[in-house]
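Alright, structures below, take your time with them.
In the two complexes below, subunit A is the common chain; its partner is subunit B in one and subunit C in the other.
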Partner chain A sequence: MFSRKGIRGNEQPAGWLFVAPAVLILGLFMLLPILMALWVSLTRWNGQGSPFTGDVPFAGLDNYTRLFTDEGLARQDFMTSIRNNAYYVFFVVPIQTVLALGLALIVNNRLLKGKGFFRTAFYFPSVTSSVAISVVFLFMFANGGAINAILAVFGIEGPQWFSDPRGLLHIVLSKFGVSSPSPLVDHGVFGLSWWDWLSGPSVAMCAIISLVVWTTSGTFMVMFLAALQNVPVQLEEAGRIDGANRWQLLRHVILPQLRPTTFLVVTLGLIGTWQVFDQIYVMSQGNPAKTTLTPAFLSYRTAFRDFDYGSGAAISFVLFLIIVLLTLLQRRITRERDS
Partner chain B sequence: MRSKLCGATLAAVLIATSACGSGFDDNGSGTSQSSSGPADLKIMIASSGDAETKAVRDATAQWATSSGNKAEVIPAQDIVQQLGQALAGSTPPDVFYVDAARFADYASVGALEPYAQDMQGVDAFLPNLRQSFTYEGKVYCVPKDTSTLALQINTDLWTKAGLTDADIPTTWDQLRSTSEKIKAKGITPLAIGDTRDRIGAFLVQAGGYWVSADGKQATGDTPPNVEALTYVQSLLKDGLAKYPKALDAGWAGEAFGKGKAAMAIEGNWIKGALSADFPTIKYTVKELPAGPKGKGTLSFTQCWGVAAKSKFKQQAVAFVQAMTTADQQLSFSKSFGVMPSRQDAQATYQQQNPDDAAFVAGAQYAQGPVNAPKMDSVLADLDAGLQGLQNGRPATVLQRFDKNAKTALGG
Partner chain C sequence: MIRTLASRFLGYAILIFFALVFLYPFVIQIANSFKTEANAADNPLSPIPSPFVTDSLVRIFEGTGFPTWLGNSVLVTVVVTIGRVAFASMAGYALSRLRFPGRRALFAGLLALMAVPPVVLLIPKFLVLNQLGMYNSYAGLIVPLLADATGIFVMKQFFDSVPVSVEEAARIDGAGSFRIFWSVVLPMAKPALITLTILSFTGSWNEFPHTLVSVQDPGLFTLPRGLADLVSGSLGAGTQYPLKLGAALLATIPVAIIFVIFQRYFVRDASAGADKG
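Up next is the complex of A and B:
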């Protein structure tokens, strides 16, 4: 808009020159592959030769509409994966945020001895390879594994974790005598009945949820801890002088100070949980009965197992849109509270 | 000024796009063939273990020196994915293993050269295996070896349950009555994998199968199939058969090796697995019990695929021929325990491995995997249904399969 001449007039080209390497690398390795994938998602490319020749059949939006409007396996699998992942996010994000905050508060406590030890212990799962942890959890959640052995001490017969496709909500409802009510079973949306939508996470998914909460809350604890250490001691002391008890201090003094960090943690949590892949790949491959199928894993399977690269790419773009929309929504909600 | 720079950046990105695009391009449709002169073959294998890798490497080196070519064996970690990438980049290995269950996917997209159609001596291979590698009337590649399903019996648990050789089940009714006797002693009778690749054998025994022989029609919801699944379901419901996960095992062979089940239904590979992980277990192998329509089992096989885009097709076919002679197959079976896919090698194999009689016998009447493209997700969905067979309705599982398969096969 303004071309300001003078002593700083030549800064813009210089600025661009300095960021050129970064722009080039990001463009080449991020933007370009994304655009290529976008093109693939509009084709019926079968994985033979280049997708950028005239021979590749153009599909338009078919790959996308198949996920939403056409009755069939593609839509059913996709919607099942969305359902599974939604429950996964719904449980993981709040639990890991609260847990991370709790751990940070503990470690930040001035009276705690051996802070360094606890900080390391809580952070340790985050720096360990997720594949290694997944394998260990597989052993722990085996039918005769540690978890079931501990449950047996309390007289509880543990489930067969990784072969139990029953949804948590279905189990709870069946305790009250509700199982497959026909109004919910006979009607539905997007190829799944309401009853299927309301299944809750399966027992197998619960094991994965607990694993992810355990591994990621360490990372987020560090973020909360950094923010906590920036809260001025004077604020706390002022609060105490005003007669606030510990809960009031946390609720009205510390938490408001942590708002930017909480936003960051929840956002990162949302993005990360919608993209869950490696735990699924290592532990369950979508089994039992597709209850741990997630969009990221489905996208991989559709592309590399079925040679349906177009649909696979389309799934990942829909996932991308879901993440963007949810992040925007979350930002909006937190902003409204401010005013 | 800003818009100009943005334009420049965009232009740079576009140039990069076109530059990258050219890297993907295949140079014309006809691949240049170098039929004469020494070839440089790349052979990608999905090895079952070090023994196989070494055996194939040795045989390849021998072929390379005697024929004056160069050949390199690449063991793949995940052959489906690695091949997928190589095919997308137009630089596939010249020769690679193709699993029968994935064969139609590769054949339908034109990745494979149908060399076996005109290859000499193709009739020597078992007919049902040739059928597994036939797509739209053309035989594409020759099977490298085969395995079939059979019934393994833990002899210690057998005697513990008070059973003798006379109790070895040869029909469905006997399987049920024997299992009831075993269960009465507090032992789990049968471990069976919760997948189409095991339960499918019962369908064959009942005279049905998931798809028609030509692989063009879904034939799930038919009386024989319903009968077979109902029978399997009754075994599961009465605790006469259990899925491996319910026995805390990754697969039926592990449950069997740990002594958690008296019988298992697995293929030739169980031999190597048991001697490696559970060397003390005593067992015999028998043919699967016959169903209402006689004996039936499933076969599993891989073929030596030759890439349609290979530059050295002629040499590749010569290589495959060298790898599939009767002598070479017998040498492979000695090194890593696979069963030859040639009829003329099977007799010798049986002499050398008398314990494998049941597997060899099964190869004569075995049914290959579903041979149709784009079926992987449909079959995965079927497996999900079979996992819930105990509490489900067999007809529902089969109808669902039919519906999904019709879309995949028709489209």
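Up next is the complex of A and C:
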């Protein structure tokens, strides 16, 4: 009690005054809106008037159950978006993590000159505007674009990227003569047939996957680089004296040291990839045939294009839950492995 | 010796390959901004425009809303950057140094807010702006961006790492909290302030989703919003690539300049994230 007075004086008014602007803005534009959206997700508000009057029909948990249990377009679209995003995560997270680690290991090599240049080159894409970079990739993946021109050099006829809804796994399976096997087509779960679930990312989604890997690898490379610089040199030398070759050094000395960073990169990757929105909005708007529809874009579309704000908000909260759960799960797995 | 040479050669080969992968899209972007539409369609890969034309740049300024978007982007970025730096350094300082009831709870709340994925805030933000009558206005475009949880966290971490002795000396001399903050703390916090300024500048310059749910009037569009509209909207997809690439290029230049000048601060930002985990 005495410490508050005396030399430090009374800091209470100053303390509150200092945090007031930030608290006001974050409270008003983050906390309050979340509570408002929670309410709207329980209604059938269509955007007319205020959602907080008695005139707005109350829907209870309908907006949520429609996504999971009721047969219909809402569930089909939602499950399609979950499938698309799951494949997107499944490809983006491992590829960007491995690429970032690989680039960091090479850039970190003491014998190489020009480190600064390469670090800059790899990192630059991640500071540019997602919208501007999407425009560039849209051009590169255009039908007569740069990517198909490169593929043509190797004698490959590139696909029409953004109008090709074929799933990657379906394409591979068709090479083995498997197409639409009836046991998988006739049965399913959550409104999609097993065959639809097993489509793999569509060709259009692959273009978006490559864009995202390209933009985010640089950020994660910088994180790996920072971690690599903290690996004690003695550790590496000790390993070398013990006769470890380069691969063994990497596998048994360096990688274990990088575990916390790898965990962070994978977690940040999982959290980020479930939020993909800008690129979808600019490049594909969920097309072709809804194969690039993601929960984030679906929630936007449902609210602002179909004026079904309740369902849109419900999708947002399910997405919120997915991201939180994934973070917790990932933490638990790492903790168990460590102990 | 030969092994070292071979591995060094291999290292450079891989680095150069990836440098091309990461930089050539920008070369394509720049080159095609100065091509004719026919040339861009026929030779998308070529780094040399033939003929070299500036038609698309002229059309960007005369035939699109680009000048308006640019003006709005500058306004939003300047105001948001000043606001974020001011509010985040004040709040970060208070959370780190000043003793007042509720401080712990506020910090816990801040950590929780940092975990909220921005993309789930699209509908919520629209709801609150709509309710407050701020939808489709400069206020709606700017005010919600004025404070960000991550910035406050970065500043709090910074102040936690600075010894209190200097401030205490000033306090003994009878300076009040505001005096100390303004003339002792802020000058010391220069590196953190630069980092925060850059973070806020690039963040607000590139901000897209917020503009999507806060404004509707093309007169209030910022560059990312206008660019997105240009690509997916009225001018249609498929054609006009020199125009679109040129507009995207112009939108990228300010961040590129900041990046080149302040590169070491960017690198620090990225690795600052590593400490959180």
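Keep this in mind: the second predicted complex is superposed on the first by the 313 of 339 C-alpha atoms of A that agree within 3 Å, B and C clash if a C-alpha of one lies under 4 Å from a C-alpha of the other, contacts with A are read in each partner's own complex, and residues count from 1 in each chain.
The criterion applied here is as follows: a residue touches a chain if its C-beta (ideal position, glycine included) is under 8 Å from a C-beta of that chain, and two chains touch if they have at least 3 such contacts.
In this text, all values refer to a predicted model and were calculated from it rather than measured experimentally.
Student: Output check: A:S50 vs subunit B and subunit C. Expected answer is one of first, second, both, neither. What do you get?
Tutor: both
Student: Check whether A:P165 is in contact with subunit B, with subunit C, with both or with neither, and answer first, second, both or neither.
Tutor: A:P165 sits against subunit B, while subunit C stays out of touch.
Student: Applying the document's definition of touch, where does A:L31 land relative to subunit B and subunit C: first, second, both, or neither?
Tutor: Once the two structures are laid over each other on A, A:L31 reaches both partners.
Student: Have a look at where A:H187 lands relative to subunit B and subunit C in the superposition and call it first, second, both or neither.
Tutor: It touches nothing on subunit B or subunit C.
Student: Touch test for A:P288: subunit B only (first), subunit C only (second), both, or neither?
Tutor: A:P288 sits against subunit B, while subunit C stays out of touch.
Student: Can A:V23 be said to touch subunit B (first), subunit C (second), both, or neither?
Tutor: Both partners, subunit B and subunit C.
Student: Quick one: is A:H252 in contact with subunit B, with subunit C, with both, or with neither? Answer first, second, both or neither.
Tutor: A:H252 contacts neither subunit B nor subunit C.
Student: Would you mind checking which one, subunit B or subunit C, touches more residues on subunit A?
Tutor: The partner with more contacted residues on subunit A is C.
Student: So which bits of subunit A does subunit B touch that subunit C touches too?
Tutor: 3, 12, 16, 23, 28, 31-32, 36, 50-52, 142, 144, 303-304, 309
Student: Please output the residues of subunit A touching subunit C within their complex, sorted ascending.
Tutor: Residues 3-4, 7-9, 11-12, 14-16, 18-19, 21-23, 25-26, 28-34, 36-37, 40, 50-52, 103, 106-107, 109, 111-112, 114, 117-125, 127-140, 142, 144-146, 149-150, 214, 218-219, 222-223, 225-227, 260-261, 263-264, 267-268, 271, 274-275, 277-278, 281-282, 285, 296, 299-300, 303-304, 309, 312-313, 316-317, 319-320, 323-324, 327.
Student: Sort out for me which residues of subunit C touch subunit A in the complex.
Tutor: Contacts found on subunit C: 4, 8, 11-12, 14-15, 18-19, 21-23, 25-26, 28-29, 32, 40-42, 44-45, 86-88, 90-91, 93-95, 98-103, 106, 109-110, 113, 115-128, 130-131, 143-144, 146-147, 149, 152, 168, 171-172, 176-178, 181, 202, 205-206, 208-209, 212-213, 223-224, 227-228, 231-232, 237-238, 241, 244-245, 247-249, 251-252, 255-256, 259-260, 263, 266-267, 270-271, 273-274, 276-277.
Student: Report the residues of subunit A in contact with subunit B in the complex, numbered from low to high.
Tutor: Contact set of subunit A toward subunit B: 3, 12-13, 16, 23-24, 27-28, 31-32, 35-36, 46-53, 72-74, 77, 142-144, 160, 162-163, 165, 286-290, 301-309.
Student: Can you tell me which positions in subunit B touch subunit A when the two form their complex?
Tutor: 1-2, 5, 9, 12-13, 16-17, 20-21, 24-26, 80-81, 84, 87-88, 90, 105, 109-111, 243, 245-246, 248, 374, 376-378, 380-381, 384-385, 387-388, 404, 407-408
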